[in-house]
Amino acid sequence: MGNVLPKPLRGIVPPMITPLAGPDTLDLAGLERLVEHILSGGVDGLFILGTTGEAPALSYRLRRELVAHTCRLVNGRVPVLVGITDCSQSGSVEVACAAANAGAGALVLAPPYYFGASQAELTGYFERLIAQLPLPVFLYNQPGNTRHVIGTEMVRRLADLPAVLGVKDSSLDMIYFHKLVRLFNDRPEFTLLVGPEELMVEAVLLGGNGGMCGGANIYPNLYVDAYRAAAAGDLELANRLHRRIIDISATVYRVAQDESGYLRGLKCAVSLKGICGDFMAEPIQSFGEADRAEVRRLMIAVDLLEA
Amino acid sequence: MGNVLPKPLRGIVPPMITPLAGPDTLDLAGLERLVEHILSGGVDGLFILGTTGEAPALSYRLRRELVAHTCRLVNGRVPVLVGITDCSQSGSVEVACAAANAGAGALVLAPPYYFGASQAELTGYFERLIAQLPLPVFLYNQPGNTRHVIGTEMVRRLADLPAVLGVKDSSLDMIYFHKLVRLFNDRPEFTLLVGPEELMVEAVLLGGNGGMCGGANIYPNLYVDAYRAAAAGDLELANRLHRRIIDISATVYRVAQDESGYLRGLKCAVSLKGICGDFMAEPIQSFGEADRAEVRRLMIAVDLLEA
Amino acid sequence: MGNVLPKPLRGIVPPMITPLAGPDTLDLAGLERLVEHILSGGVDGLFILGTTGEAPALSYRLRRELVAHTCRLVNGRVPVLVGITDCSQSGSVEVACAAANAGAGALVLAPPYYFGASQAELTGYFERLIAQLPLPVFLYNQPGNTRHVIGTEMVRRLADLPAVLGVKDSSLDMIYFHKLVRLFNDRPEFTLLVGPEELMVEAVLLGGNGGMCGGANIYPNLYVDAYRAAAAGDLELANRLHRRIIDISATVYRVAQDESGYLRGLKCAVSLKGICGDFMAEPIQSFGEADRAEVRRLMIAVDLLEA
Amino acid sequence: MGNVLPKPLRGIVPPMITPLAGPDTLDLAGLERLVEHILSGGVDGLFILGTTGEAPALSYRLRRELVAHTCRLVNGRVPVLVGITDCSQSGSVEVACAAANAGAGALVLAPPYYFGASQAELTGYFERLIAQLPLPVFLYNQPGNTRHVIGTEMVRRLADLPAVLGVKDSSLDMIYFHKLVRLFNDRPEFTLLVGPEELMVEAVLLGGNGGMCGGANIYPNLYVDAYRAAAAGDLELANRLHRRIIDISATVYRVAQDESGYLRGLKCAVSLKGICGDFMAEPIQSFGEADRAEVRRLMIAVDLLEA
């Protein structure tokens, strides 16, 4: 079921936020509501412990708990993908084993993010690590946070490993994405997903398989519908829904106009819909009342919330 | 005619390479062939003295000559846009006056590229400079070479000036471009063109007006056809042509895998088609024989040249 | 004793490499030899679990073991400083508690290194975290690896906390360091140490308190002597020793000319002196035989090893 | 006289600000007062048309005028060095010829600053350009504004050209500077000057030949005295004067806390001493009254101006 992954994996695989009841404490009731909310939108998978899930800020204990509870709640309805990006190889392996034990479908792996490394060093590291992993892997290109690009040549080499199923590209660089589409033109089973939701429609219109759209935590239908319109070639509908996606990006995610503004706005919006609280892991802080009121106002304006 | 600009300016406006006979010497015969070659492809304008035209490396005398000869050769068949980006305000004004005298249609202006400056400082500079210019202006967002972003807020302010007709965005950042489309949703006469040719199809599919595609120096029909397919919503054809555009980008422009590889590959390809030589302005050097042979091989492979 | 820190902490506090017997396994015999080797050079403290110690790549279990064993081996002869930099606050606290239990003298804290954050967000985070820590703290400015600068204004604010004893600056930016010296001109008990060994002599000549010199793992006397010459104002001797420090930097650390070249060269050099092996934590790999022979040759040339 | 350059060139060679009466107009009376003011401080040369001189923002006509008038006013009392950095090779040659005609002593050359280029491309460019120049040359490492580092290997190669007399390093990277000192240990006639005044004292204490200190436009004696103290090994005096240099940097240059704050503060300070006005070339704007009053207050505080 959920751990038999379609090849390629198509559609919307939301990067789930992590519901927290307090520092280092999962919000279990919120998690259950959130999983049901997202799945009710018709998504094609669920990605936990990514950047949107604040994974690097969470303890391993909490990460293991989140993996176990999420897989239990999803219960095979869709594949669960688990982020194992870590600066410590043993940390990556620990989370990967928890994922396998819980019945997750695949792992998502970005480069370790403290030390500089050449493409050759990273390729070797990935080869050695992937050989130890109990589940197949998606490569995660995330230079904004990790400072490392997974270059197209490195993707080409790693894609020869049977365990490597695809790439999630969060580089914001659509030329890179188009070059991946070209590279895997004759391997239609290799999955190419795009990270930022603002780029999902064009990625799908031009040959990508789908997207990991953070906004699907708030409003999963919007992204699923936009994906389906794009995949079906309904350009007019795809455009109309794409514009709503950009509306959210230009408003809700920009209440705080800094690097954490996206995460704070997103988690606040989910909490305003009554799904779970917006407690955040350090070092990021939830919005205060004024910013929260502004998010509410903007959500009503873009029609994500009733007035 | 050529200097009555459509609003918005739609379609393909190639950034023309500058045919050189030697250091600081225009290749007039090559220029004539190049102009005819590009115009024969059905383009909607011609942009000279941009990054692809090596403008910052050319003397003012040569820039003035290029403006005069190009406008004469084009003779009103399409609007000529002239880049006036410069670190010296008097240099920008000098080229702008040459453009007005020659009958060009508009100017293209990126921030000065030596000193750091805040968005407020740049906004003020643009306001003071634009007030002195004899022709309307497109803002040119080119952070890769100028180190300055023209932020969406700065665009919004400058777009209030009647002389500002639109934006050419070469930032590679499609989220930025989508936010511009959103910002000017109710001003359809404001032109939004995208810089890198690899992003033209998606820009047009999602509300942009066209692109400044360097590859149109080699093969103008390809880009014009791709634009028309995208603008007409013919997704299948747009995809097929988009893939050829990416093929060129992934091969011809990557013979030298460094920052000047695009320019050297492009000019070499034009010369292999017998249009003009590939002499380049310092500090960039034309390809040697081995790289030239490789470009020839790749052009045949992607079907831009007969074997 | 070792956990009564002098204020300011003056002199050479080497950032110790972490001797490893294999993946996730401490080399205890090597650790003992290394601690004795470094302490024999007359150093003024020992800093473990920094960048040079590959801390972000080590499991918490191994970090706790290293803290316990090192404090036991040092046995109060000099203060032990323990790096607690982490993307997860609970991880920082866990290592800090191990340090307090083992009798360490202080903690060293750089910003978390995955998410972007404003100076205000980082200041708040540091304030909340420091309030939970069982030992005093040195701030660690390390923008090269963490992507965050601890700006002078942020230092000024945090220095008001009684637990904050000083700054280790690894920014490579001596203007920043001079501004810190100016800022704490009237607080001589506040410690200012510089990170890269190549900048230690000038930092001390112009008002700094000392340095955390990685090369002191190989040759502690050199750095201690250079510090003492600089602190005593013996400019001729300081210059002579500074030039040997630069010799090492320009040769041993540049056998691999990439970002990990310093760490690989340093650990290889220590192993060539027979102190401990050069097994490295993933993703970095030890040198192969050819590079190892080159390090040997260079060490003989700069007189760090007998022929 | 002034055009027989000592080898090495030792001491303080101020990068002169450019006195302007208005847009594209030299302030000749101000220039004369400024030259006399600077020379009265005992400087060892005068560097015009650098970053501090706003060269990239000035027209060639104004640059030629400045060269001619400055050389006439200096009249051989010290060598005049002329910046010829330009994106256009013909522009560099034009200013170089003006410098030779006016009797300047040497040229100062940083990489062209629009296009990306590899170290090999830049080395070739410098070799071809230097062969055309009528005067000897100092290489100018200025990555902050040009985006290109002149790597130590490139310096080593270019230093084999007889026309290359030395390096001015404005990289802010003292490790790089120390490696240059090491590289030219056996060529004492090769000049190594440091750019930012905040790093001059340490550069001279550790083997450099002097500095190009912008603050010497305001207060030449301070920098000359600091240089002489450092060169003579008077560490106590060097420290005292270094602290005043840092005081100026941390106050006068930080009234505007952005990238142009140094230039605006410096030019304002010179005008407050009654030497010349602070009209600036676009895109930078002089301070308004509030900031000007703050500069005045700070200058009194650091004792550069009478109350």
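Letters are used for the chains, namely A, B, C and D, taken in the order the chains are written, and counting of residues starts over at 1 for each.
Following the convention adopted for this analysis, contacts are C-beta pairs under 8 Å (C-beta built on N, C-alpha and C of every residue); 3 or more make two chains touch, one makes a residue touch a chain.
Since the structure is predicted, the reported quantities are computational estimates derived from the model, not experimental observations.
When chain centres are set by their Cα atoms, the one at the greatest distance from chain D is A.
A straight line joining the Cα centres of chain A and chain D is 50 Å long.
For this pair, chain B with chain D, the centres built from the Cα atoms lie 36 Å apart. Residue positions of chain A with contacts to 2 or more other chains are absent. In terms of inter-chain touching, the protein chains here make up one closed cycle, each touching precisely two others. According to the touch criterion at the top of this document, the contacting chain pairs are A-B, A-C, B-D, C-D.
Listing the residues of chain D that touch chain C in their complex gives 172-175, 178-179, 181-182, 185, 196, 198-199, 201-202, 205-207, 233, 235-236, 239, 242-243, 246-247, 249-250. Chain D meets chain B in the complex at residues 23-24, 51, 54, 56-59, 87-91, 111-118, 121-122, 124-125, 128-129, 145-147, 258-260, 263, 281-285.
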